[in-house]
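In what follows, chain A forms one complex with chain B and a second complex with chain C.
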Partner chain A sequence: MAIDLISYSLVPLFAALIIPFIPRKHRRITEIIANITLLSGIINLGYVIIYYLVLNDYTSYTSDAFTTLMLFTIYLVGMAITFFSTYYEVEKDTNFSSYYSLILVSVSAMCSLVMSRDFFTLYIFMEALSVCSFALITSDSKTFSIEAAIKYFFLTFPASVLIIFGISLLMINYGTFDFDTIKFTSMNFLTFVSLSFIILGFLIKAGIVPFHFWTPDVYEGSYSPVSAYMAGIVTKVGGIYAIIKIVMLLSSYGFGSNLSKLLLFTGFLSVFVGAIAATVQKNMKRMLAYSSISQMGYIILAAATFSPIGIIAAVFHLINHATFKTVLFLNSACVEKSTGTTNMDELKGLEHRMPWTSWTSIIALFSTAGLPPLSGFWSKLLIILALWQSGHIFYAVAALIASVFTLAYFTIMQKKVFFGKLPEKFNDIKEAKYQLLIPVVVISLIIIFTGVFFNRVFPYFERILS
Partner chain B sequence: MNTNTNISNLILIPILIPFISAFLILLISEKTKYLKEVLSIAVALLCFIASITLLRLVGENPIIYQIPWLGYREMMAFRVDHLSAFLLFAVSMFSTLISIYAISVKNKGYSKIFYFLLLLTQSAAAGSVLSDNLIAMLFFWESMVVFLYVYIYISGEGYAVRKAALKTFLINGISDIAMMIGIVIVGYISDTYLMSSISSNKLILSGWGTIAYIMLLIGALTKAGAFPFHTWIPDAALNSNAAFMAYIPAAIDKLLGIYFLARISIYLYSLNTTMQVILMAIGAITILVAVMMALVQSDYKRLLSYHAVSQTGYMILGIGTLNPIGIAGGLFHMINHASYKSCLFMTSGAVERETGTNDISKLGGLFSRMPVTAICFIVAAASISGIAPFNGFFSKELVYKGTLASGWTLFFYAAELGSILTLASFLKLGHSVFFGSCPENLKDTKEAPYSMIIPMILLAAICIVFGFGADIPVSKFIEPSLSSLGVVVGNIELAGFHTDSLFIIFLVVVIIAVTNHIIGFRLSGKAYKSSDHIHHAPVLKETYAMADKGYFDIYEISRYIFAYFAGIMFKVDRFFDKLIDDIPSAITRWASEQLSRLQSASYRVSMFFIFLFIAIYLLYLGGIKWQ
Partner chain C sequence: MIFYLLIYFIIVVAAAMAIMSKKLLNSAVMLALLSIGISILLFAYNAPWAAVFELSVCAGLITVLFISAVSLVKNDEDALKEKRVKYTVFPLMLVGFAVIASIFVPEYFANLFQFASFNPSNNPPLGDMIWLYRGFDIIGQITLLAASIFVIKHIFTKETKNEH
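Now for the complex of A and B:
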């Protein structure tokens, strides 16, 4: 593990351990500890990243820059969710101390995961993350959420088997788990099978088509901030991150043409099935879930090129996806809190009452659909560029067409929920509390600034992923 | 070349002063009386004086003034030769007279807007005639279309006015686009936009040159109001005021249209015989078609508006002859027409103001009530009909001579026939408005106010002066203009009274027209019905009925064609819509529903799928060849 960054992993863990000892009636203290823990982390990380971004000078930068960026993203989403949950307050009977503990533990697990330098550590923290996720999904007392948790458990457990199997094969073959000491001098059968098993396991964990059956139910069924958390960061770090890591590892040895075909096809399938299925969804959260599947397909497509620009695009899109999907899920949570439903057939004309929610949704969906100058445009451009340059013209065109679908279903969502005439029954609803809007607006601003100042952002990515 | 800066300022006065004053007028409240009018008249008068000065200063060499603009040194190039100075003089003169006349016109809309438009039009017209660069000219020329539209739009309310305004705008706008295309082609093939440079190496009619000439011709003919682009003028006459009609369709448009026609036909191009015949034919057809329509009209202004079209035919015929006499006749007729037609429209405005109507069947016997107006009408009507010795006689005589000299006698007969019908229709108009018995409700009609009478008298005086002293305008304006167009006049006598065979023909024309009127009057018993024996003649009756329905109106025909075309395009669009929208949407919806159904399957089915796909994955792995 990256020892110099380990405090980012340990501090949330300690905070999570303290929280259960706070009496349940002092809820504020629990919330303050959770928020302060993550806030301090985000300030530290933000300072490091912005320092280099603004100075544009990377001479003194350590090799852990990529890890730092991932940590920042994890902390950003975790912070947004924690802050949002503090003021959300729908369920009176939720066990808050366990809720915040779980979030902090999962943040810690994710941080450890991105800091791990060998396959076994990666696997352990991935499992820890999964366990936290089961518990988080059930934090909503509705029966539906328990059903979703069970579904999540049953449909992803084959992944654990496959991963541990693949790791064992690697161990037999090379005698080590360490990323740095494994030398893929030749792609023999055993190496290939073990890597394929590991990738297959992580594909299932990430919920890529055709292993996506659990995702819509989980995202729709769980407590709204948890949906945002799961869609925004947990499944990305738990699944996609490991795939990107393996791709980075292999591409430095010049392997991967067979794996490339496999991943490209899965990514392509995911992009299209997610986008097409999203178009007729009635529930806002379910539509976002399908959108999430589709966007993860993009990341896989980019990673599958095994080229430097593809890896940059994959990481950039992963981070972008974390920002805009968090915004959209949090907005759906705001809508649910104000109107009591996320069924889009019942919603209409909310922009007259919830302008901030509407506008941040527009920013996030434009970014998802890849409209300049927002950040999503650049990552999609890089993805298509990477596909084109590596000769996968068919997939490049397919990615382009799929972004039309993206725009289509998000326009449908925006129209159904926010545009049109306000019905009578919604006459006295109000905009969400300003505390709820703060994380949404801050992340929206990040989307805009990342897109507008892309000339600064791109060299940074190039540098840290070289 | 004279590039004295004092003279350069003189060029800018007629363009800039009206332009700035127009916006000053907008600052004046609508309730403030006379200030707007006084300002407008003063500005017009100032421009008039400047134009006279320019006219005197222009010598053998033209005055050139170039303003660098948009990185091109010759973009705003002004060049004043005799023709431009003459046109500027005419534009300023009519602007002054109309400014005075419009004080008492009631239905001109907001007087603020009216004078604003009047000054802008004057500025744009001055810019058009002074520009040497075709693009700069187009800039001024096109800006007039907007003013034209607003002029008609503000003069009334209701569907008819809006329709007439839109029609005017579309016909003029589209013809201006044609002209723009022509100018671009001319600039491309001759490598310069300066008319003076093009004229030193004249274009010929071949290939792109022909297309460019036709495009420019469409622009010039539409501005002048020639057949078949004239149809907005009668519609505008019904729905607008006399001041507008006297100013734009009667004066400014004719001046600019014929000016540009002369420029392109003689100055920029050396035309061939085919184009000469086409031009003369357009002229002859315009004369006949419009005068036939004018003959049967029962509205004072509408009748005059058809004559405004008809008289354009003489000018086009004159210029189309391409010989010095004909061109001189065309240009002379242009200034003559502007003066008498403006005067006639002014009389119509005066009559309308005093009696409240322009319908000639409700008018009569106004001579004794409005003697000055009546006398002005008679002078102007005699001029337009070509009665000696008023100005129309001399210019028409020049056109006839030019036509005969070109060898195309057919067009000469057409022009003479047009003369007969012109005189007949004015006998009808004058008889029914100013003579005969006066209806009861018009018994106490009064003479028009001085602000209307003075411009009328001045214009009538011009008709007389240019007639009796035809050598004054010919020697001062027409001959220098011809020389600046590059036409060699030689020793031909252009002015003066000739008792030759044409005079005999003129007498025959008068006799036929008067006889026709008497026959018509006797047959119907009413003066305003004196053309009914022509109106109801076989064949003609049906033709007139079709004309009333707009079957010969290029605008209506185009509208019909475009509606049909739009219908087809709509169908095509629906088809493509189905192809690229409906069908993919349906497929997507179907696929999406299937995928969603798969989602709601039970755990066992989901698990089955997952293991199935894992198995497929592994089988796929087994089939891959390792590196």
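Now for the complex of A and C:
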């Protein structure tokens, strides 16, 4: 593992262990500890990344830069969710007994997961992450959220069984599960079976079509900031990251064309089924969930090319998707709080009362749909380029067409929720509190800056993934 | 041989009892017994570090967690009047499976040893194994433990934000 980065996973873990010793009446101290822990991490990581990004000189950069970037994304989304939850006033029956501890433990587990250098460690931290998310989903103690948690449990924990089975077969075959020492010299039957089990498990965890049945229910049913957390980072680090890692491992051995075909087809299905299902949804959060499935498909498509530019595109889109999906889900939480519903047929004209929420939504949705000069445009361009260069012209054209679908369903959402004449029943609603807008605005600025300064960002990605 | 057969028998009985038992507490104790049996088997099969982890984590720690969780749940098992006699078919199936497996599986395991590319006799000492090779697992253990404690606290205790 990357021993020099270990403090990024130890500090949140110890902060989480301190929180239960704080008296219950001093809840503010709990919130301050959770926020300060993540804020200090994000300042530290942001300094490291921006320093090299501005200098554009990587000769003295020794740490694992890819891991650092993933850590930054995890801290960014974790920080946004924690800060948002602090000011997101909730109904009476919301369970807050160990909410912040669970967030901090899951941030720590995700950091350790991206730092791990072997399959078994990766599995351990993925399990810790799954258990934490299972509990976080039930935070608002509603019947719907408990149902979502049970669905999550029954559909993703069998996936863990598949993964551990595959990993043990890998151990039988090679005697090691280290990323560095494992050598896929020949594709014998056991390797084939073990990799199939592992990839199947991670595809279920990531919620890719045809294993997507749990995602819409979970994102719709869970406590609103938690659904942003799940969609923003948990399914990516717990599912997609491992697939990208396996692709990176296999691409250096020159075989994997069958795996490439399989992943391309799953990614293609995911992109289209997600996009088409999203156009017919009535509920805003459910629509965002299907959009999430569709965007995950893009990441799989890019990774499945097994080419260096494809892997750069996959990682770049993973990080971009973490940013813009967090913004959209947090905005839906703001809308739900102000109006009491996320049903798009009941909402209309909210832009007159919630301009900040509306404009940050526009930035995020334009980025998702791939409009220049936002960050999403560049990552989609890279994905299509990677597909075209590796000869998968059909999939490249399909990806292009699906991005038109993306623009269509997001425009429908924006029109239904924010544009139009304000109905009288919404006359007295107000913009969300400025504290709730801070994380949304900050992440929107990151989306804009990543897109505008792409000439600086691309060499960085090229460098860290070489 | 009789010793191993006895342990296999204990494992099967404990597993069946853990599922069939009407009281959650009994299930937890039976699971602990199952883990102890498995860890003895792991010692016998020359995997001491796996055995130690199995003993400390599954038999010790998880049992403590289960028992604390059971004590948090309201004790109304008596209200649960269901007939479980018909489910005895499952343990019987398990016994049937065990008999069939004892005929066919040993051969399969003998085949599996051909795939093993490490020599089980030169395992490093336990302390070296933990600190030198698998140091990161200690953090994994702490993370899993913390996660499980917070999950139990989160799901089984009710506390609301507006209470104070």
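Note that in this section the second predicted complex is superposed on the first by the 461 of 466 C-alpha atoms of A that agree within 3 Å, B and C clash if a C-alpha of one lies under 4 Å from a C-alpha of the other, contacts with A are read in each partner's own complex, and residues count from 1 in each chain.
The definition used in the following text is that contacts are C-beta pairs under 8 Å (C-beta built on N, C-alpha and C of every residue); 3 or more make two chains touch, one makes a residue touch a chain.
Just so it is clear, the model here is predicted, and its values are computed rather than measured.
In the superposed model, A:L13 lies in contact with chain C only, and not with chain B.
Shared-chain residue A:I276: touches chain B; no touch with chain C. In the superposed model, A:N331 lies in contact with neither chain B nor chain C. Using the contact criterion defined above for the overlaid structures, shared-chain residue A:S358 touches neither chain B nor chain C, since it reaches no partner. Measured by the number of chain A residues touched, the leading partner among chain B and chain C is C.
Once the two complexes are overlaid on the shared chain, A:I172 sits against chain C while remaining clear of chain B. In the overlay built on the shared chain, the residue A:V131 is in contact with chain C alone; chain B does not reach it.
Overlap of the chain B and chain C interfaces on chain A comprises no residues. Partner chain C is touched in their complex by these residues of chain A: 1, 6, 9-10, 13, 16-17, 20, 24-25, 27, 90, 92-99, 101-102, 105-106, 108-109, 112, 116, 121, 124-125, 127-128, 131-132, 134-136, 138-139, 141, 172-175, 190.
Only residues 151, 154-155, 158, 162, 186-189, 192-193, 196, 200, 204, 210-211, 213-214, 216-217, 255, 257-258, 262, 273, 276-281, 405 of chain A touch chain B when the two sit together in their complex. Of all residues in chain B, only 588-589, 591-593, 595-596, 598-599, 601, 603, 606-607, 609-611, 613-614, 617, 620-621, 624-627 touch chain A in the complex they form. Within the complex, the chain C residues that touch chain A are 112, 115-118, 136-137, 139-140, 142-144, 146-148, 150-151, 153-155, 157-162, 164.
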